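Both complexes shown next keep chain A, but they swap its partner, so chain B is in the first and chain C is in the second.
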Partner chain A sequence: MKKFSNKLNIRSVKKCFNTSNIVFLILSILIVLLFLYPIMMIFKNGFIVDGKFTPEGYIREFTNKNTWIALLNTIKMAFGVLFITWFLGGSLAFLVERTDYKYKKIINLFVFLSFCIPSYIISVSWIQIVSRGGYIHRILKLIYPSINYSFNTYSLLATTLVLSIHLYPLVFFGIRNALKKSSISLNDAGRLLGGSKWHVFLKITLPLILPSFVSVGLLVFSRTMANFGVAAQLALPAGISVLTTGIYKAMSELDITTQSVLSVILILTSMSIYWVMNSYLNKRNFFFEDERKEKKHNKNIFSLGKSKVFVNVVVSIYFILTFILPLISLTISSFTKRWGLKLKLENLTLRNFEILFFENEFFKRALFNSIIFGIVSSIIAVSLAVVIVYFYKTNKNRKASFIYKVASLPLAVPNIILAVGAIFAWINLPIKIYGTKWIIIFTYIMLFVPIIIKQVKGLADNIDDSMDISAKTLGIPILGRIIKLFFPMIKKGVFSGIAICFLIALREIPISLLLYAKGNETLGVMLFTIQSNAYGLEMTSAVSIIVIIISIVVNIVVKKIGVRRAGL
Partner chain B sequence: MKKKLFGICLVLTLILTACGNAKVEEKGEVDKEIETTTQENKSNDSKTVEKETKVAETEEKTEEKTQDEKLSIYLSGPEAMMKKLETSFEKERGDVVDFLLMSCGQVRNKVWTEKEAGNIQADIVWGSDPMLFNKLDNEGLLATLNLENEKYIDESIKAESDNYLMVNERYVTLMYNSDNISDCPKSYEQLKNEKYANKVVMADAGQSATAFSIASCIYQIENNDINYFKGLKDNGIKLSKSNGQVPSLIIEGQFDVGVGPHDAFVRLTKKAKKEGYEIPLKLVWPEEGAIAIRRPMGIIKDENRSEENQKIAEEFVNFMLSKEAQKITEQFGFVSVRNDIENTYLPKDVKKQLIDWNKATECEGEFKKAYEEIF
Partner chain C sequence: MKKLEINKISVAYNDNQVLNNIDMVVKNNQRLVILGPSGCGKSTLLKVIAGLLKPSSGEVFFEDKILFSKNKGIDILPEKREMGFVFQNYALWPHMTVYDNIAYPLKVRHWSKDKIKNRINNLLDIMNLSEKKYGKPNELSGGERQRVALARALAFYPKMLLLDEPLANVDAALKTQLISLILEMCDNLKIPMIYVTHDQQEAFEVADSIAVMREGKILQIGTPKQIYSEPKNEFVAEFVGNSMVINDGKIKKAVKPQDIKIHPKGRCRGCVKRVVYKGNCCHLHVDDNKKDIVISVDSEEYKVGENIRFDIQKAHIIEDTNDREMM
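Entry: the complex of A and B
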């Protein structure tokens, strides 16, 4: 009897310690420490007023008119960016994947290069181009010397436009991948049944890629709500506040309670939208087929016909305005002794670059750190994200759902709040990493995991569950299934995820700005510090040019290792 | 494929290594000037030789200090000035301090966030505004100072508490772009004039600690009448994130008039002269007077700090009041708090406007709320 009960106990213990439970345990510990704990600290701080635990802070902010104005501005801006990026990114992706447009490679190149330009750099070039004393004003002054130039450089509309220019590549990548993968045979069937091209597009193609629009739209929406740099640059000077700038202001005013409450409001707003979009996504599924078959269906693409010239002109104007002009403006400015001086040969110099490369130790350190932090954090984030998505896909239960949802949480949390949460969580034991480079790397991981999950999830959804079940039946262990079966099918998403994360690390400001210590400065800190010191836009432009060049180099390297096929 | 990948990685590594090893040479005109001043001061100091011997001894000990063991100082100010001060202080002591340079607002945010998290990481804080130091002091977070050079400090500039000191002073002025306007405003009141509509810029009190000081003082000058700021807003005033940006935005031509501290003007003018170009920036002392902004410094109380580091912290605070350090800051546009260094920046006929910090702290909530409503 005893033997039997001992055997039973051993069996139940063995059952308890099966691979799935061990993976769940490890993931849970990691997720709680890395994601939940910092965010919970923010929630908790909203309840602390003058050292006492009270809901006073929440009541005060919920009854404050300014909070609602900031929230309304944030939502207006986020929806504005969402619709503009859907339109821009979607149209260009369609042009590349579904039409006979001749210069597809140029579109691919320009879109990626646009994504290489950090958002605050776009806002800097926006100021350089349209503001009083900017390039447009200067050109007009040459023609009409007495012109009274006036342009509303600082507004919510300007913020929305700049963020749209910055974020539309995300939509482009997402929709292009979905279009590449979506079944052409259904389109064939539609056409064979007498449907016109537009009818097939509206009734078959569009519904098939709609989940991708929603999925990537969610990313755009949350990144817009979380953006601080552009709003601070273009909206705050006009006295227009959004939630992130409100948080920053509260921080400047040493009001941690308000800062935490506003963060909670922002998180809840983002989460609500996330929940609505996600519940839509859960009801929909992609329909994919083998990519190799697509190539045989080239006949089915839209022919631009006579409108080719018109499309060429529109696309050219678009890239001139959103990419070439800002780049020219930045390049010229980077060679000026001081931005704002007359453009004469005597006012041009190489000194800005000389200072950066040969005199400024800060720049070299920042460059090195940004690259290293970006590589380390994106590799760790990828490893975590792949396991999380795999676990979620193969174990559709509450445990997996909990891990997936918690890991996706930071998507709805602004970077600045992630940094504040990180300080509160990791300044004291048990994880005391504040003041070291690891706090920046850990916070980057927090930021990157949901981004990679988004990149990978769409691809993972298309893998038939039966494959994993068969491998499991054949006795292949979980690690083997992830590495040999799951990873090869999602690797394109993984590589594009790494590339995106690395580029984010190159230009990220709020996290490193709040968490850096001596020796751990990044390019973002450098840019912010330069703008705050005696250097003008000329030095910001010089650093921007270097960041853009590095981004391009990274792009080439990443393409060499196979990301081109992944859709970048 | 692997070879290619290896090749690319190798090239990247080489670039990074080359980047990391490039030699640093920094010898600007201003720096040279300061070096000369420093050397002159030193030769006048009878204790220098004695000090240097002591230092040589400590240098060996401190040479191997890791980053964690060094004294961490959060500060704001021009980078070149901070580098000069660090070099000057460490010349006698070895690599013992770590400067973490930020803007005034960042210093305030970082210190306060760390305080709320229960652990201020800095040993010394320099910059921001007296309001932060008053708050830290009220919570018992500042160590009492033992100032060797106290007798040299101008009585009118002394801090309200013994636990922090004022290191420098600077003045708020009106600035304008001489290429764009000839008729410049003479007072803060005139900034509301329609002819300056959409052409005025000042730093945002919600973002910058110094800007908050300036706005508080203007509020006091205007007899706590918030309508002044309403008038500015109605006249299309724009807000910059820091005071340092104000003169830059005027030079760039984005705005014609601005409110900002004089030291940024001094540095920009010096830089332009050095680099051989002209900037269309002119300065006007406001009729209401020049608002004096002071930059406080204090040592954070820490029972776990080693005796050696506590000593270095005290030495640093005293160093900042030394003639040598004060001369360095003066070269960068700041006014010395020492009574034996002449104030060459404020014209004698210009009235100095002092911020009543007690009054400012009293009205802080009311002013902030009203300011937020407007902007």
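Entry: the complex of A and C
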């Protein structure tokens, strides 16, 4: 009898330690340490003033006028970018999807290429073009030698414009896809029932794609709020502060409390906006049934007619201003001997690139670090993300959904705050990696896991559940099921996820800027600090050109892989 | 008498000739079914009539008014043609309620609020949809959606009703019910209709005349009886008439399974390959060395492998010669 009960105990203990529970345990520990702990630390540190636990820090910051100004500026900027990108991206998408405009392919190409230029680099070209001594000033000087040029290069408006130019492609892609998907017969029905084309457009087409405007707007809004590089470059010199630059400033003043409180405000603001828009979307979630492939014969509902010339001129001017001019300015500057020299043939040189590739140790190290950090962290992130998605898919219970939700959390958290959290969490034991390259890699992992999850999830959702169950009944162990069955089906998502993460690692600024130590600089750090060093704008331009070229190549690879871009 | 007239309509996408010189007339109160396999151009023809698609040549008249003329450069906009159109995928607007969907054509015609309300309530009553008035399309079943689509298409008293495979997504039991509803509504309004389908059973139920289309051409127009028993070419015979086409020297004959009789002294012979139970009869698939011949018999007395003799008692001679060039 005793023997029997012993056996029973062993069996129930064994039952507790089945694979699913073990995987859950390991994942929970990893997820909590990696994702939850850093973000919790930010909340906690806001309550600590001089080593004591007190709400004083919050009270101080909330009664400080500057906090409110920074918050207001952030929101102003975000709404500005939102409306400008809605207008720009929306009208271009309309032009491409609903009119008989002739050069649609060119629009698609230019928007795609604009999308490949990092925002920070656009702001560099902005400075080159409009600042005193910039290209516009020089051209004007040629015409009116005695001109007194003064243009407000650094302002919140400049930041808003540059971010709009960087982010409008997201709206364009989103709205274009929505228009593409929205059934032509819905539109035809309106016409046949007596509505004119404009009436149908306003009453039927537009309301139907409104949810897409909101969801892509959400992305633009949170990207703008989270942006650090452009605000630091274009707003800070004019003494204008937004939340991200405030956090950076507090950090350089070693004011941990302020830094934490500002981070909390930023997290809460962006999360509440996320919540508001999301609840709107849940209410208006239309589904289109039976979207059989319709012939697109009457897709071009609006004929441009006589306004064709006008549209051509506007579109040309638009792309010249937002894409070609910045690119030309960067290219010319990257070949000049020194920023500010007259544009003569003898002042042009290949020396900048020569220095970068053969002499400048800093650049070589930064490029090497960015690539290595990107590869190492995206590989680790992929392994983690695949396991998480698999676990979520095969165990649709509370445990799985907890892991999934926590791992997706960083998606709603600005990069700079991830960096702040990383410092707080990993400056002390149990994981003491501050000052090493591992802190950057760990933070990248935090950033990448949700992005890869998003890429993979859609593909995973399409896999039938019986696939895994049938493999289980055939006796294939869990690791075998993940590697041999699950992975091949989500491969596309994994590869495009890796490419996207690699690109982010190559271009991001705030994480590495806050976390680097000597020897661990990345391209982002180099771009941000280079101007204050001896190199100046011509060197920045040369680095920018290299980053743009790599971006375009990687983006084309992602496009070729063929999974929907998550948006960079 | 003549309502709609179509003259030499052609449509081409790039090099692909979708409609080829179509001529057609629809009379008052006529129920014309355009029948053909998928991709034959039947939906395209419907879109041309509705004004959703511009043909590359030809003319369309309605009540002696020109709707489209390539030569005269006339193309009346779809919203001015006053035609009701029912789509296969219903095309109900997902962001509007049932009521708002049906009210749209009335609102753009500036009807008064009371008039709109009465008309819609009346329609919803007929369609048995009164309870779903304020529901959204995604809360409705397939049959209900199609009824809303029909109500919306008829609400403004159109001059003609066009239906593009309206029952393709509806199950068999509902089909008959909806067909009666469609016919009743059209009769009440005294308007002609054009009904596009690929299903011959549906065509027979709806039509008082059928136009059979294939590869952008109309092969034959006639009453259902004519189409069924006097097919003008091989395709019509096989696709609509359930007939086999048998080459007898230089002439082609269309033969129906029920017109072949098994007889011990029959002129033809063959071996039974397959027996298919059809409910009210059995179909024997017989191999006579040239072609698979189907014979309809009353009982299951024949077995696979059995050798039988039979006679063709009735056959329709196919005269059409154009057909050969198309094959």
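A few points about this structure:
In this section, the second predicted complex is superposed on the first by the 375 of 568 C-alpha atoms of A that agree within 3 Å, B and C clash if a C-alpha of one lies under 4 Å from a C-alpha of the other, contacts with A are read in each partner's own complex, and residues count from 1 in each chain.
The criterion applied here is as follows: contacts are C-beta pairs under 8 Å (C-beta built on N, C-alpha and C of every residue); 3 or more make two chains touch, one makes a residue touch a chain.
Here the structure is a predicted model, which is why all the values come from computation and not from measurement.
Contact comparison for chain A: of chain B and chain C, B touches the greater number of residues.
Within the superposed three-chain model, A:W339 lies in touch with chain B and out of touch with chain C [touch as defined at top]. Applying the stated contact rule after C-alpha superposition, one finds that A:Y404 touches neither chain B nor chain C. Using the contact criterion defined above for the overlaid structures, shared-chain residue A:F319 touches neither chain B nor chain C, since it reaches no partner. Of the two partner chains placed around the shared chain by superposition, chain B is the only one that A:E361 touches, whereas chain C remains out of contact. Using the contact criterion defined above for the overlaid structures, shared-chain residue A:L192 touches chain C, although it does not reach chain B. In the superposition on chain A, contact of A:K249 is made with chain B only, not with chain C.
By the touch criterion defined above, A:F373 reaches neither chain B nor chain C. Overlap of the chain B and chain C interfaces on chain A comprises no residues. For chain A in complex with chain B, the residues that touch the partner chain are 45, 66, 127, 131-134, 137, 150, 153-154, 232, 236-239, 248-249, 251-254, 256, 337-341, 346-347, 349, 351, 357-362, 364, 367-368, 371, 420, 423-424, 427-428, 434-435, 513-514, 516-519, 529, 531-534, 536-537, 553, 557, 560-561.
Every residue of chain B that touches chain A in the complex is listed here, in rising order: 4-5, 8, 12, 16, 19-20, 22-26, 67, 72, 78-79, 98-103, 105-106, 108-110, 112-114, 116-119, 121, 132, 135, 198, 201, 204, 206-209, 212, 233, 238-242, 244-245, 248, 251-255, 264, 267-268, 271-272, 275-277, 279, 368, 372-375. Remark: chain C residues 13, 47, 50-53, 77-79, 81-85, 87-95, 104-105, 108-109, 138, 152-153, 156, 169 touch chain A in the complex. By the touch rule above, chain A contacts chain C in their complex via residues 183, 185-186, 188-196, 199, 203-204, 207-208, 284, 286-292, 295, 297-298.
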